[in-house]
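First chain written, first letter: the chains are A, B and C, and each begins at residue 1.
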C-alpha cells in the first residue's frame, strides 16, 4: 500500500517532469566545434576486454562527437555474460544489433513486482527452495531499441545462445546531465584490473569521458571502493567480510562477467509482443507510470515501417509519440533499410543532430555544410559511424549489397526537410521562384519541381552502374537487403 | 487526405513542442562576456552587395552581442528583388522598417494550399497557361514583425514600388540551435561571387558568424555545390544539365536577385487584416497548426498600443499571448514611439536581454550595470543599435525630434520592472523602507514614492531645454513623432 | 480594476512560465570542473561588514561551486537591521538559521495590497497621520525556507530581539539567468564605502561573482549612481536634492542599515500559520498567482517530516509539489536531523547537485566519484558546507552530538537512489545478480539484500564507538538533536 502510494507519487512526479520540463540540449558545443571542413567515417578506437565480452569505444575526442555532444560505445556480450550494474550521468539509447538479452533498470520508488512464491519457483527450477522478488525484467532481442534514463542503475544479461551486440548512444549534453559534458559510468560492482590486458594500448581508456580531461589510469572501480568497510557493513547491517566483498578488490573478471550456471531471475517465460501494447491510444504518456513504462520497442519489423517503397527500401522512425520514454530522454531513432543502390532524398534535419551507424552492407554518404562545402563524401562500411550535424544537408545511397543502418537523433521529435520529391521544399516553392533562383526556363523549373514522385526513398535508376568512375564505393558482400521487404 | 493526416500529426507535434518544451537560452554567454564597463552605439560594419539589394551586418564580435547571444543584420531589397531561399540554425524575428513584400516559409508536412486552376490563373495573368501550387505566401509591409522558425527554409520578395528595408534578429543562443552559437545561413540557391565587389573590405564577411572562428573566404555558396551533379540529377530525376544549374556556379547576381518581369506567385489579391484574426480567444496556440499559424503581425498601429500617453508617446508589445509563434521562438518585441523629449521610466527587464534599434529620430539612453556604473550614456541615432543586458537598469529619453524604435527581447514574455511611476518598485516599497534606505524624511520619501503619476511613458517636463549643457544630444531633423498619436 | 486585470494577466503569464517552460540548468559547468579528486569542507572566506550586520561569502572560485554552478552567502542581521532593496540575476533560496524577520518581494504588476486607512493606522501608531500602501510583507522565522525569483527586487528586516542568521543559495547557472554564470546583485540603495573596513583583506570582495573575472574594486554601489541627477529628478518628478539622495553617495552604513526607531510597515499582527494554507489540494500552482504565491514555508517542524525514525532522526523535503514556487526556481531543499551516530543510507541523487550545510552539531561524510575514489572523507562541522555533485555516491553519519543540516538541490524534484535498505537498488536487484556481481554465495547475497530493514535513516548500531581509531570526528558540544523527535 505504501509502495503503491510511493509509485503514485512517482508517477505524478514523472508526468510532471515529462510534460513540463522539456528542452533539448543543456549546452552548446564548444566554440566552433561544428565548423569542421572535413570529417571521416569512424570506427571504435579502443576495446576494454572482460571475462564475458568486451566494450568498444568510439573516440570521444573526435570533433564530430564534440559538435553533437554525444558519445558512442559498443558492447559485445557472450552467452551468459552479465554486464554489471551501473548508472551514468547521461541517458542511454541503444540498439540491439545481434542476439537477445534481459535487462533490469532500477527505478527508485518502483515496487518489486516480479516475485516468486516458493512452490511455483520450485516447480520451475526443480526443487531449490530459492525465492526472490525484484523489479521488472525487460527482455530484448535483435532489432530492439532500449532506453535508460539518466542516473538509473541498470544491468543486462545475454540469455541467448549467440553473442549479444549492442550499439549505444550516450547523450552527454543532455539536459538531464548537470555534470560537465563527459560521459561517466558509476559501477555498483566489479573493478578494472582487467584493463591492463586490453588489446589496443594506444591510450588508457576509462569509462569516464576524456574530452579535454586528464587521462584516467583507473577505470570501472565500483563506487563501494570509495567507502570504508565499516561503513558498508553498518549500512547493510552485514558482517565486515560480506561488506568487503562489495568492493570487489580481487575481482579479475572485468565489467562483463560470466554466470557459469546461467542467471536465475524471475520473469514470465513468454515474451510479450509489441502488438498488445500498441492497441490503445497513448498520446502523451500520462497513463503510464515510469514504473510500468515501456523501455524497449522493436524498430526493425518491416510491417511497422513509416516509409516504404518496395523498390527502394523502408524507414522506421521512433519518436516520443510512439515510444513515450523518449520524451524523458529527448532522443529519437530511425531504422533504415535501402535496397541495392537505393537513394535517400537529399535532406536536412531542422532540429537535431543525426548519428548514423551502418549495421549491414554499406552506403555512400555526402554531407554538406552551410558554406556549400562537402564535409564528408565517402562510403560508410558496416560498423562505421558518422555524425550529421543539425541543418547540414545530406544524401545517402546504398551500395551494391544494399544497406541497413540505425540512426540516433538528439531530439525526441526530429523534423526532416527533404530537398527533392513529394513533400520537399522544392514542391513548396512557387515555380517562378525556382525559375528565377536557378535561372531556369519555367518548363525546366516545373520538371525540377515535379519530376520526382517518391517521397523520401528513391529506387536505383534503371541505367545502373552510375558513379562507376568515382571508385568511392568498393564492392563487398551482396544483396542482403534486397529481398528484405514484403 | 494523406496530407491532412500529415499536417495533423505535425500539429500534434508542434503543440507538443510549443507547450511542453520551453526554456529560454541554450547556453550562457562566454565567461565574463556580460561584464563590460563601457559599450558603444553600433552601426553595421559591413555590406554584402547583390544585384537586387544588399545586406548589412552588425559586428557579431562586439561584446554586447556576445553577452546577449544574438546577431543582427539589415536587408535592403530593391523593388522586384528576391532574397534567395535559405534556412538558418537560429530563429529569426524581423521588423519591416520600410516598404512591403511577400514571403514564403516552407514547413515540412504542410500542404501546398495556394493553387491555381488554369482558367482562373489565365484570367489573372492574361493568357499564359501557367499553373502552379505551393505553400502559403505571407504578405508584409512597413511596421510588421515577422517570425521564421529555426531550420525552416524561406524566401522573400519586394513586390512594392519602394525599397524594402528589414532589420532582423538572429538568436544564435536560442534553445533550437544545437550547433555552436554562431549564426549560419544555408542557401538553397545562388553563390557568393558578388562578394568581391563588396564596399567595405576591412574583413571578408561571410554569412557564417565569425565569433572566435576562423575567417571565411567563401560566403553564400548554396548547398547544392557540395553535392555532385550525378547525385542531384538522380535525386530530382532530371538531366545533368538541369542538375548543374542548381549549383549556380556562374551566377553573378548574389543572394538578392532581380526578377525582371516581376515574380508570379499565387496569392489572394487583398491583404487580410489583423482584426479578423484578433477576434477570437486564443490563449495557448493549441487551435492553430504550424501550417496555418500566423507568422507576421503588425506592431506599429497606434490603435493597438499597450501603453499610451498622448503627451509622451506609446508602446506596443508583442509576446506569445498576442503572437503565438513567439512561444516557438522564445523571443518577443516592442515598438516604441516617444514624443519630443518624452521619457521612458527607468526600468530593468527581469528575464531577458533587450536589443534596441532606432528607426526614426534619436534618443538618449543611459544603461547602468550591477556596480552602479554607467556602461552607456549616449545618443542612439537613427539606424543605430545598443544591447541592454538582462537586469541592467536603463532610462531612455527622446531627442528634440522624438524617437521611434523597435526592440527585440530574448524571452517570449519579457517582464519589465520600473523604478519610478505607477506600478513601480518604489510604489511597492513601504514608505519607511524608502525613508531609511535613502535617509530621507518621511514626507520626502512619500513624494519620491507618489510624485510621478504616469506608468511607463513620462511626458517632457514643462521647463524644457534640460540637459542643454551636456551637449550629448545633437539636433537633427524634427518633429516626426510629435503629432503621431490619437 | 486595472490592477486586477494586470495581475490576472500576470497570473496567466506565470502559469504559462511555470508549466510550460521548465528545464533544469542553463549550461554546463566548465570543462572538467566536476572531475575533482579531492574537495574540502568549506567555510566563508570573506566578510562584508555593515552598520546593521554583515554578509559572509563562500569562495565562489572553489571547484565544487564551479561544478554545481551555485554560490552561497550568509547574512547575519542585527535586530532592527534592514538589508537594503536589491535584485539578483539568479533565483535565491534561503534558510533561516536563527531569528525572525520580515521581507518584501516586489513583483511587477502585483497590487499594493497592504494598506492603511488613516484612522486605523493612527490608532496603531498613536496619533501620527502617516498612511501608506505597499505590496505584501512576508514574515519568516527560524526553520523557514524562503524563495526569491530571479530579478525580483527584495528587502528584509530583522524585527526580532535576536540576531537573524540566513544561509542563502544563489543558483548562478539557473535557466533564468541569461547573463554569464556569475552572481550579481543590483542594489537599489546604499553604497559600499563600508567596504574598506572589511575584516578579511585577502581579496577585495564585491557582490559580483568573480569566477574567472577581473577583480572588482567597487561593490554595492546602487544603480542610481549610474544615472545623472537630472534624469532621476525628472523620472521621479522630484527636486534635484531628493534625486541626489537616491545615489546615497555619502552613505557610510553599508548594505545592512540600522533603523533606529524600528521599521514601520503595514502588516497583520499575527503570523498566519502554514496549516490553513496546506488545507486545500494544490497540485500544480494554477490556482495561485505569483502575487499571492507563498514565498516561504517551514521545513523544520518535526510533525511534518517525510522520513522519520525515532531512533535515527528525520528528514523533511521541500519540492515543487509542497512548495509550488520551486517550480519557478527549479531548486529544492531538504532539512535533516540525525541523532547521535545515526546514519543516512548510502545514496546518490539522480538529477541534481546537493549542497549540504551543517547548522548544528557535526557529521562525517564520505563522497565517492565515478572512479570509485573518495573525493571527500571528513567531518563537516557546524557552519561548514560541502557540495555533492550529481550522481556521486555519499554516506553521512552524525557525530556524537547528533547533527542538523540544510541541503539545497539544483532540481525542483530531486530523486534519490539508496544503495542499502528498503526501496534501495539492492532490493530491486535479483538475488542471483547480486550473488554473481559480488561473487557471494546466494545466502550471503540474500542477507546483503534484506538485512537492512529501514528505508533511509539508520539508527546507530548497538556496539557503538566504531571508527574510534580514525580520529576524524572530534567531540564538540552535545546531544542537541537527540531528544528532538516525537
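The definition used in the following text is that a residue touches a chain if its C-beta (ideal position, glycine included) is under 8 Å from a C-beta of that chain, and two chains touch if they have at least 3 such contacts.
No experiment lies behind these values; they were computed from the predicted model shown.
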Inset, instruction - Give the rotation angle, in degrees and rounded to the nearest 5, that superposes the C-alpha atoms of subunit A onto those of its identical copy subunit B. - result: 120
Legend entry - Residue-number overlap at the subunit A/subunit C interface, same or different (half cut): different
Inset, instruction - Give, as an integer number of Å, the spacing between the C-alpha centres of subunit C and subunit A. - result: 39
Inset, instruction - Hunt down the residues of subunit A that sit against at least two other chains at once, touch-wise. - result: 20, 22-23, 27, 30
Legend entry - subunit C residues within the subunit B interface of the complex: 6, 9, 12-13, 16-17, 20-23, 26-27, 30, 82, 84-85, 87-89, 104, 106-110, 112, 130, 132, 134-135, 137, 149-153, 155, 157, 173, 175-182, 184-191, 206-208, 211-214, 216, 218-228, 230-232, 234-238, 242, 245-246, 248, 251, 257, 259, 263-266
Inset, instruction - Note which residues of subunit A are touching subunit B in the complex, please. - result: 19-20, 22-25, 27-35, 67-69, 283-284, 319-321, 327, 343, 345-346, 348-353, 366-375, 377, 389-391, 393, 395, 397, 410-411, 413, 415-421, 423, 425-433, 436-440, 442, 444, 447-448, 451-452, 458, 461, 466-467
